[in-house]
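The same chain A turns up in both complexes below, where it pairs with chain B and then with chain C.
Our next item is the complex of A and B:
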């Protein structure tokens, strides 16, 4: 059952709406939902002051779907710590979307600001627009970034994506900014567009598949040969089964992959970067 | 207070993060006549302390009493939803502590100038810790000192002559026994003062540092050159660093504000940590404003976080990039700014300044600056370390007591007292 939230007008001062989660909504009437707390600056306000609330609420988290409409760029922390249920956002949305998420599903038709999916440990996020900096990153001072879950971005992503990533899966159809997968220590990433500079710096473990152009890699990564690689096909097939639109052209099973390992600045150097040799022969020497 | 008539010895200079504490100040009546030992900037700061002074509180450009100015400031703060305090790096510790109290009381955000200078240093330290040294330790022990992306000749004039090119307990001849290197993207004036200048290509600091780390581990890499330096030279640099008895790396804005920012610092910290597996190394930021280091310390003591702190929920939260003044202003979030001992209008990017023009600004500073032209409320303050006492923290973390050497201008009080007055009347309004 679906609860529909329509933003009445763009707030002049950003609001923090971490109360918008299926868990908080389940088992409440629309009137009770309207009284959930959101913060605007130092003032604690009610959800209904900012949103028109219609639809039908459900008893359980699993049955709860929240649809949010409007220009939500000044609304932060939607779906923070979300544990089950569904959120669908029709428009652009502010920082920390789905941060610390545990389970459930978030879809966004527009773009998201920084720290979307930060430190998430499960669930699924699909973003049709772009994502800002620190997508699926760890917060300042945390040793672990993303710890699980799957994230699909149809647009481009900013800098320092997947900082400190430990587990999980990220696929990006567009380009990725600088210093992606910094200090990564597990999990896997597919980038279909161009991979920005300094990827995987200080990363110790994990896999990154670059299907597009890679202009440079850190000097502390070493080339470890080019060949057909059976298991890359497994990741490509998985992506194709979920989001066929992410792959612009077919990648043949006989595709040659140039492999790089690093980061040799670290004591452990088991990060693997696979790039398509046809597009990136300049890296392999 | 007066030592030997109107001569004050061992005065701490409150201009840059060196906080030289050997300045001799002579005064005559209400004038400072002489500064001995200080560098040119220090002389200007002391002898010229009355230049360009703001002497009268104003509201919307008209002169008012101090009480009236405070009253208006309190009105503005009380009616705000998202109150921002910024600055604090050119004032002393007690004023900083009052600023945190005010932020907590008003449920606002408090940020210091770290966010536009050495913020990356702190983010780096939060990732990887700190391997630090003191300036005295450096002078006594270091047989190699490296400056990276810093230009002390211009920004910290006495850093080399007063702390580094000085004999110490174990370094008898600072010219022979101590090597000073500079790594930078251009040949600055500091390059002429050091024993070796290593030029690297712009925006390659991170690559160079990571390469050094790999080489120190003894790894052979594929590359033949990084950042414009051949791998042979890098190997030699790595070996020198590894075989030093005691090294210190000083870094400046060339490292913190170039491509990579906090990643550069994180890498530099880890380079120093790696070196400590073989020998002893320390790392120190060349902090610019005299007490920006203190702003981070006092903030961490009081709130648990060094800058970019939000009290909107009653407890402190930390999120640089979100609660940093420059980012908040550029996104149009705060509805009031209280600026203290900084000049955001002069230093912030255009989008942030354009937004500043739209909201009420309260400005507390001893001098006229670009922010005072825009501020609705201007309140003059006494200069700490000259007209009132206080405490400040040197770039290596050493707290020093600041002396008062002369009376402030008539009716002008220290900024900590101004903040206390604001807090006192705001408490009445907000309860």
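Our next item is the complex of A and C:
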């Protein structure tokens, strides 16, 4: 069952719409959904003030799909903490999309602003455009960032992606900005495009596969050999099965990968960065 | 019933239920994956005196394996539930971990129970092992070794399978028996879900489940021995036969064992010197499954 939300007009002040989740919508009539609370600044408003609400609601979370249309760049926190069901956003969307998400699926045909998937612990986010800064990051003061789930970005990503990441999987088709995976302590990341500077600073555990060019890595990462890797094929195959469009060309199992391990400025230094030797021989020494 | 002029006896193979696991072994090339698989399924012909009945089930193309490298699927069978866990620990630990570039992934269908065998083997990493996932439905352990990184799935499953499917056939001589037997085993390798646990898939000493010696559970079945046909009054061996072959077929399902039996018969009957095809049973009193040769759709 699909509930369709169409933004009436772009709000002058951003709204915080964390009530737009399948969990909040399930079991409610369209009229009841319209009365769900959204915040605009310090004002408590109703969802129907901003959206035309049509379609058909479902009894269960799993059967609930929410489709949202319009220029949503000033709509924040859609799908925050969602725990099942599906959200489909047709266009661009604002900050904190799917933050603290537990389960379910969000797809976005456009781009997302900062903090998408922040501190998420499960579920699947697919973004066909770009993602802003702090994708899947931890909030200020939080010890953990992303704790689980799968995120696929078909465009580029801003700075400080996967800050404090502990578990989960992120794949980026395009380029990634500066300081990706800072303080990472688990999980896996595949960057198909270019990996920005100062990646994995203060990271202690986890894996990052850089399929594209890497201009530089922090000096606190040590080169640890170039070879075929038994497991890179596993991750590449997984990515290919989910998003075949992310890989520009086939990567052979006999591809040589340069390994870097660090961050040696930390007490634990088990973060592993794998880069394709053919594109990054300048790093291998 | 005859295939290519070879008579097929109206009889059945009697098969039993066993606990099984199916594992994918991958390596840097197909030849080495097969070498590793052969080693891992070694000394595993019959539970009469080996701890497991194991063999190669299917050869996988690189795009069919979890890591995109060439692979071989093997099946292990044991009589007890705990035997599966013990055998996986010993065989994957001693024959896959030790084989350069080889890695192991569970591929058991209809899992009844799983064992954290990979997690235990990963302790060889001595603290350098890393747990990854779940990713693509698997939790993996990565541990450094001399050839690179050993990758093993955390848990391996157990399911119920079928063991003891067979054909026994009579040949003119060694040449006709071995050539047809090897070809029959090759034909079974193309059937998913079935495998042949004996050396090269062929049995040279079919047994009966009794012995005049108290210490033995099984002994040679003289009724199938060509050298005894002169003195065993109820011999099964035809006059012009000097070589008898048995192919024992185990599998994950009765259907897989039956399909493999059919494939073997069709292949064996193409070979000159094959006189008659039969199957071994205990009168139907012992086994859970009966695979009738005339009901295979030959």
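Here, the second predicted complex is superposed on the first by the 285 of 285 C-alpha atoms of A that agree within 3 Å, B and C clash if a C-alpha of one lies under 4 Å from a C-alpha of the other, contacts with A are read in each partner's own complex, and residues count from 1 in each chain.
What we mean here is this: a contact is a pair of C-beta atoms (placed from the backbone, for glycine too) under 8 Å apart; a residue touches a chain by one contact, two chains touch by 3 or more.
Here the structure is a predicted model, which means the values were calculated and not measured.
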item	value
Combined model on chain A where chain B meets chain C, clash or fit	fit
From chain A, separation angle of chain B and chain C (C-alpha centres, steps of 10 degrees)	140
First, second, both or neither for A:28, with chain B first and chain C second	neither
Partner chain in contact with A:219 - chain B first, chain C second, else both or neither	first
More chain A residues in contact - chain B or chain C	B
Contacts of A:256 with chain B and chain C, given as first, second, both or neither	neither
Touched partner set for A:69, first chain B, second chain C, both or neither	neither
Least C-alpha distance (whole Å) that remains between chain C and chain B when both complexes are overlaid	19
Residues of chain A at both interfaces, chain B in one complex, chain C in the other	none
Footprint of chain B on chain A - complex, ascending	12-14, 39-43, 95, 114, 133, 139-141, 160, 178-179, 182-183, 198, 201-202, 218-220, 222-223, 263-267, 285
Complex contacts: residues of chain A adjacent to chain C	169, 188, 205, 207, 227-231, 233-238, 241, 253-254, 270, 272
Contact set on chain C toward chain A in their complex	26, 28, 62, 66-69, 101, 103, 130, 132, 135-136, 140, 142, 148-151
Contacting residues of chain B [partner chain A, same complex]	80-83, 106-108, 123, 126-127, 206-207, 210-211, 213-214, 217, 219, 221-223, 226, 259-260, 263, 266-267, 270, 311-313, 318-322, 331-333, 335
